[in-house]
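Below is a structure I'd like to ask you about.
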C-alpha cells in the first residue's frame, strides 16, 4: 500500500512529530510506502512530492515546522482542482491520504472523501485550539508556554516601574491562547474575541491595579475588539486599527489606556514567535499519538475519519465533525477566570 | 466562614497556584477567612499556622514549592493524632478544610471526613500522575518537560559520539514520567516499573541502534527492575543495586550495558530537579482551576469530595476514590509506544 | 559604618544580584549596616528608605527587577535637589553611598562626589551595553539570550512559509543587542542605529534570500533609521513612523518590504520582555562580582570610583569615565558580521 | 586554496557555529574550497572526509555537536600516524588545516606545525574553560547556564523540605563550571578540584544553613576530592568512590553528609546534559567570531597560531601557548566567592 501525507495551513509545532509517527509505524509495522506531498494541497494539485521514508523522518521530532512544507492552496479554488488532485493520486497509486490541517485543509479532505470516495484520514491541526471535535490540538500548548514565559518576564518590570504592559497574542476568532497564557501568567486583564471589551472597564481594572501599587499586565488576543464601534471611528484611529496587522489591537489599547488613565503603556507583539521552535513535551506526545492512530485508521480501512483527543484517549470521529463548529471560549469559563482581573 | 488549607507530601510545581486561587476567590467572592496550616498534617496536629490572605498569595503563581511548607507527618501515626487535629480545628473555628496532597495525605482527609465528620475538600497532587480519579495531576507536565529537555540535550552527544546515554527519571511505582518524556524526547528504550525489563533485550535495542550509526538513549524510571532477580544476585552487583538511592537503577543499567555490549555508557540522574522550579503553563492552568473549584465545593457545602480533571472539565469525585487505585501505565499504551524502541 | 544603596534608571536583570552581594559581604565581613533608598534618587531626595539586611536579600539572586525600586528622578532637576540629598545622607548618617545605574544616574553620583565630596561608589548598569568603561554590563547577556531565542523560533516559520519576518529589539542609540542576537540567531539582515540603512539594500538581501528558497529574518534595533529622510516623508508614512513607539521601525520596515518586494512580512516587537525575568548565569556572575568589589571599594575608602569588567577581571575606574563616552558598535565589527547578510 | 577542517575531543556547544563561520567567510569572501575531516584526527589519519560547503553548513548554527563528528584518536599513538596524516593532506591538496579542539587535539596540531611545517590554525575548545591562553572558550557559558538552571530548580525543594541537595557538575581538573554555576545558582557550598575539601567543614556549612531554616545546596565538581585520603579508605567506601564514574563524588558526599549530620541528602548528576543542546547566545557569538578570525589567519598565511578571546577582542596567539598551562581556579577567586558559603 502506498500512503500519501500532506500538511496544510499555518505551521504549528508538532507537525513533524505527526509525520514521523505515521512513517515509523507505517513502515515498521505495516510495511507501507509513503509519498510526501509538498506544500499542502499544492502537492497533489501540481504533482509535487518529497521522499518520505525512515531516514527522512530521523531527528525531526523536536523540530517545529513541517518537512513537507505547507501552503493555503485550495484545490476548490483552482480550475479543475479536484480532478487534478484525483489524477495525481491515481498516477502515484495512492491508496490512502493522510491530511494534517485545520478547518480549510480538512474541509477539502472531507469533500474529497464524501463526493469522490478518496480514502482520507484527517489529523486536526490548529494552534488556536478552536476545533470542537477534540479536547486539544498540538501546537497550542507550545504557544501558551511561550506567551506565558513572556508575561512572566513582564512581571519584573511591572514590579519595578509604574507602567501598563500590553501583550498581544494570537487568536483571531478564539481566545484560548489569551485565556490560558493570561491565566497562567497572572495577567490582570484578559481580552478575547468572543466578548467585545469595554475600554472603560479595562481602564478601571488598570487603575485599581495601580492602587495596589503594582503595574497591570493586559493580555489581548489579536482578534479582540472594543464594544463600541463608533468610538473607534470618532477617535480617528480607524486607519491604523482598520489595518489590524500594521498597528494591531495591542498598540491601539496601549494608546487608549495612556490617553484615558495618564499612565505610560508599553506593548509586546509576539507574532510568529508563538508558533515556532521546538514543541513542548505535551505537544510531542499528542502529535505522536495522533500520528500512530492515523496510520492505524489506514490499516483498518477506516476512512473519512479524523483522530481526536478525548480525555487521555485518542478516538476517531467523522471528518465532517472537524469543521462543523468552531470551539470558542465559553462565557462561563471566561467568567470563572475573571476573579483574577483588576 | 473560616477555611483551613494545608499541603502534604513531596513538593510539586503548582501547589502555590492552587493556594492562590483558593484564597483569591474565597476572599473576593465569598468573603471567607483563611488559616494556613504549616507543613501538611503537622500544622493541625501541632496547631502551627501561617497567615493566609490576599497579600500572602501575591506573586506566588509562578513559584514552585508551597508557601505553607510540607511534610509527611501522619496524624494516624501520632499519639492521639486525630483527636489533636480535631482540637485544633475546633479551637481555630475552622468550618472547612481544603487538603492538597497525594495518596497518604488524602487518605487521612478521607478518614477525617468519614469517621469524624470533618468538612474536608481534597485536591489531588502527585508529580507521578498516578491517581486514577483524574486525567492529570499538576506538576506532572512540568516534570515531563524538564526530563524531555534533558533528553533533547543528550541527542547532541548521541549524534557526535558513540556512547550509550542512560537517563534516570522519577517514578517509583508508575512509569508515566519515563513514558511521556521518553516518547517526547525520542528515546530508543523506555523502562518502567510496570513491566520488568529484560537486560538482554535492552542490549539488543542498544546494539541495533548503533548499527544505524546513532548512539542510543535509554530512559529508565527509578522504580524499574530487571526481570530476572537471580541474575542480579549472581552478578555480584546486588550491593549497589540493593541500595537503590546510592547507586540506582540508572548506574546499574549503564554498567550492565557496558559489560554486555562493550560500548561506553554514561548516566544522568535528574533527581529533585524534576520537581522544582516554575510550573509549566499547563500545570498553572490546572492547579488554578483545581483551586477555584475546591473553594466552590466549600461554598456548596459539598464535603468529602475531591476535584478532578476529566477531559477539559473540572469535576467532583468522592474523596475515597482518590486513593482507591493507583493509575499505572496500561500494557497496551506501553506497546503502542514500543514502535519507537531500538 | 552605614552604607546607602540605590538603583536608578530602567530595570535590568542582575540588579538584585548586585544588592545581595553588597549586603552579604558588607554585613558578614565588614560588619556594615545598610540603608536602602527607594526608587533611585527619589529615595535620598525624599528621605524614602527600605530595610536592607541579610533577610531582605534572601532569595533575590535569581529575580529580575530591583527590590529597592527604581525611577528616573534626577535631583539636579528638583528644587534644592542636591541640598536635600545631602540633608538625607547626613540625617541617616550615611558614610558611603553605592549608586547602581546608567549614564544619568551615575552622572548625578559623579557630581555629588566631585562637587560635594559625597563618598560615592558606582556600579554600571545598562541593558544596552553602551558604556565604554566596561567590557560588558549585566542584563545585556540576558536580553541577548531572550532575543536570540525569539529569532530561533522564527526560523521554524521561515523554513515552512515564504514570509519575511521582522524582529524589533531594544537599542535606541547602540545596536549591541541587535548585533549580538542577530548574529547568534542567524539573521539575514541586522540594522543598527549606528549606520543609517538603505531600504533598497535591505530589499535586495531579502530577495536574494528568497532565491535560496528560504525566508529572510530581519533584526532591527528600535533606534535604527533609514538613510534617506525625504523618502520617508514623501512616502506618507511619516505619521506612523514619527510616532515611533506606536508603530515603530519594525512595522515600518515590514510595510516597506511588502510594498517593494511583494512578499508578505510579519513583525515581532519584543519590548519589555527583553529586560525582565531571571538573569542569565553570566549576568548573575558579573552582577555579583560587581557587588563584591563595590563594597571592597567602600572598605578601602576608594570613593569617586566605579567598578568595571576588563577581560575576566573586575577593575576600578574613575566614576567620570562611566559617562564620558557612549560605546557604540564599531564599523569594523559591523562589517565583520556582514558576511552573514543576505 | 583548499582548506581542511576537523573537530576533536569531547563535543561542545558551538562547534557547528565555528565551522559555519569558517565556511561562509571562506567561500564568500576568499573563494576557498573546504574538506571536512571526519571524527577529529581519525579523518586525516584514515583519509575519511565529509563534504563541506555552503549548503552543508546551512541551519547548523543553533545545533550542538559537530557535523564533522569527533573522536579522541591521536595520530601520535598510531603506527606511522604523522606520516599518514601528511600523506592525506598531500593527496587532498590541503593548503591549510583548521583544527578545533582542546589540549590533546591542539597538541598534535602544534607538533605538526613545528616539526612538519603543516599550515595549521587552531581554535580552542574546552567546555571546562581551562585553557590559559583565552579568557573564555565556547560551550562553557552553555554548560554553566544548564547547571545554574538545575540549581535554581533545586531551591524550590530546598525551601519546602529539609533535605540536603547535592549537584555534581563537570570539571575533572578545573572547577570553573562548579564555581560559576554554584555562584549564579546561590549554592551554599561549592567544591572544586583545585582545593581538597574537608568533609567536616562541609557538614558545618550544611548544619549552619539548616539553622537558618533553609535547606543547603552543595555543588561539587566531578573532580573534587576530600582532603584526607585515609578517611576514605577506612570508611570502607573506597570501592564505590574508587570507581568514580559509577558512583561518583556526588553520591559519596550525599552519603557522608547523611551519616555525619543525620539529614537526608539527595543527589543530581547532570552528566552529558551539560554539553548538549543548543549553544547560548554568548557561545554562538564567541564561536562564530573564532571561526571568522581563524579563516582570516589562513588568508594572512598566519600559521602555527590559535585564535583567542581577550576582553572583547579576538586575538592570535602561538599555538604552543594553548597547551602550555592549564587555567585553574585562582585561590583568591575561590575565597572571594566563599562569602556565600554556609
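Structural remarks
Here the chain labels run A, B, C and D in written order, and each chain numbers its own residues starting at 1.
Methods note: a contact is a pair of C-beta atoms (placed from the backbone, for glycine too) under 8 Å apart; a residue touches a chain by one contact, two chains touch by 3 or more.
It should be emphasised that the depicted structure is a prediction, and the values quoted were computed from it without experimental measurement.
Common neighbours of chain B and chain D under the contact rule above are absent. Of all the chains, the one whose CA centre sits at the greatest distance from that of chain D is A. Rounded to a whole number, the gap between the C-alpha centres of chain A and chain D is 40 angstrom. The centroid of the Cα atoms in chain A and the matching centroid in chain C are 34 Å apart. A separation of 30 Å divides the Cα centre of chain C from that of chain D.
Under the contact definition stated at the top, the residues of chain D that touch 2 or more other chains are 152, 155, 159. The full set of touching chain pairs reads A-B, A-C, B-D, C-D. Residue ranges on chain B touching chain A, taken from their complex, read 24-25, 28-29, 58-59, 61-62, 135-136, 141, 144-145, 147-148, 152, 155, 180-181, 183-186, 214, 278, 280-282, 284-285, 288-289, 292, 310-312, 336, 339-340.
Chain A contributes residues 10-11, 13, 63-66, 69-70, 146, 149-150, 152-157, 159-161, 163, 165, 240, 245-247, 251, 254-255, 266-277 to its touches with chain C in the complex.
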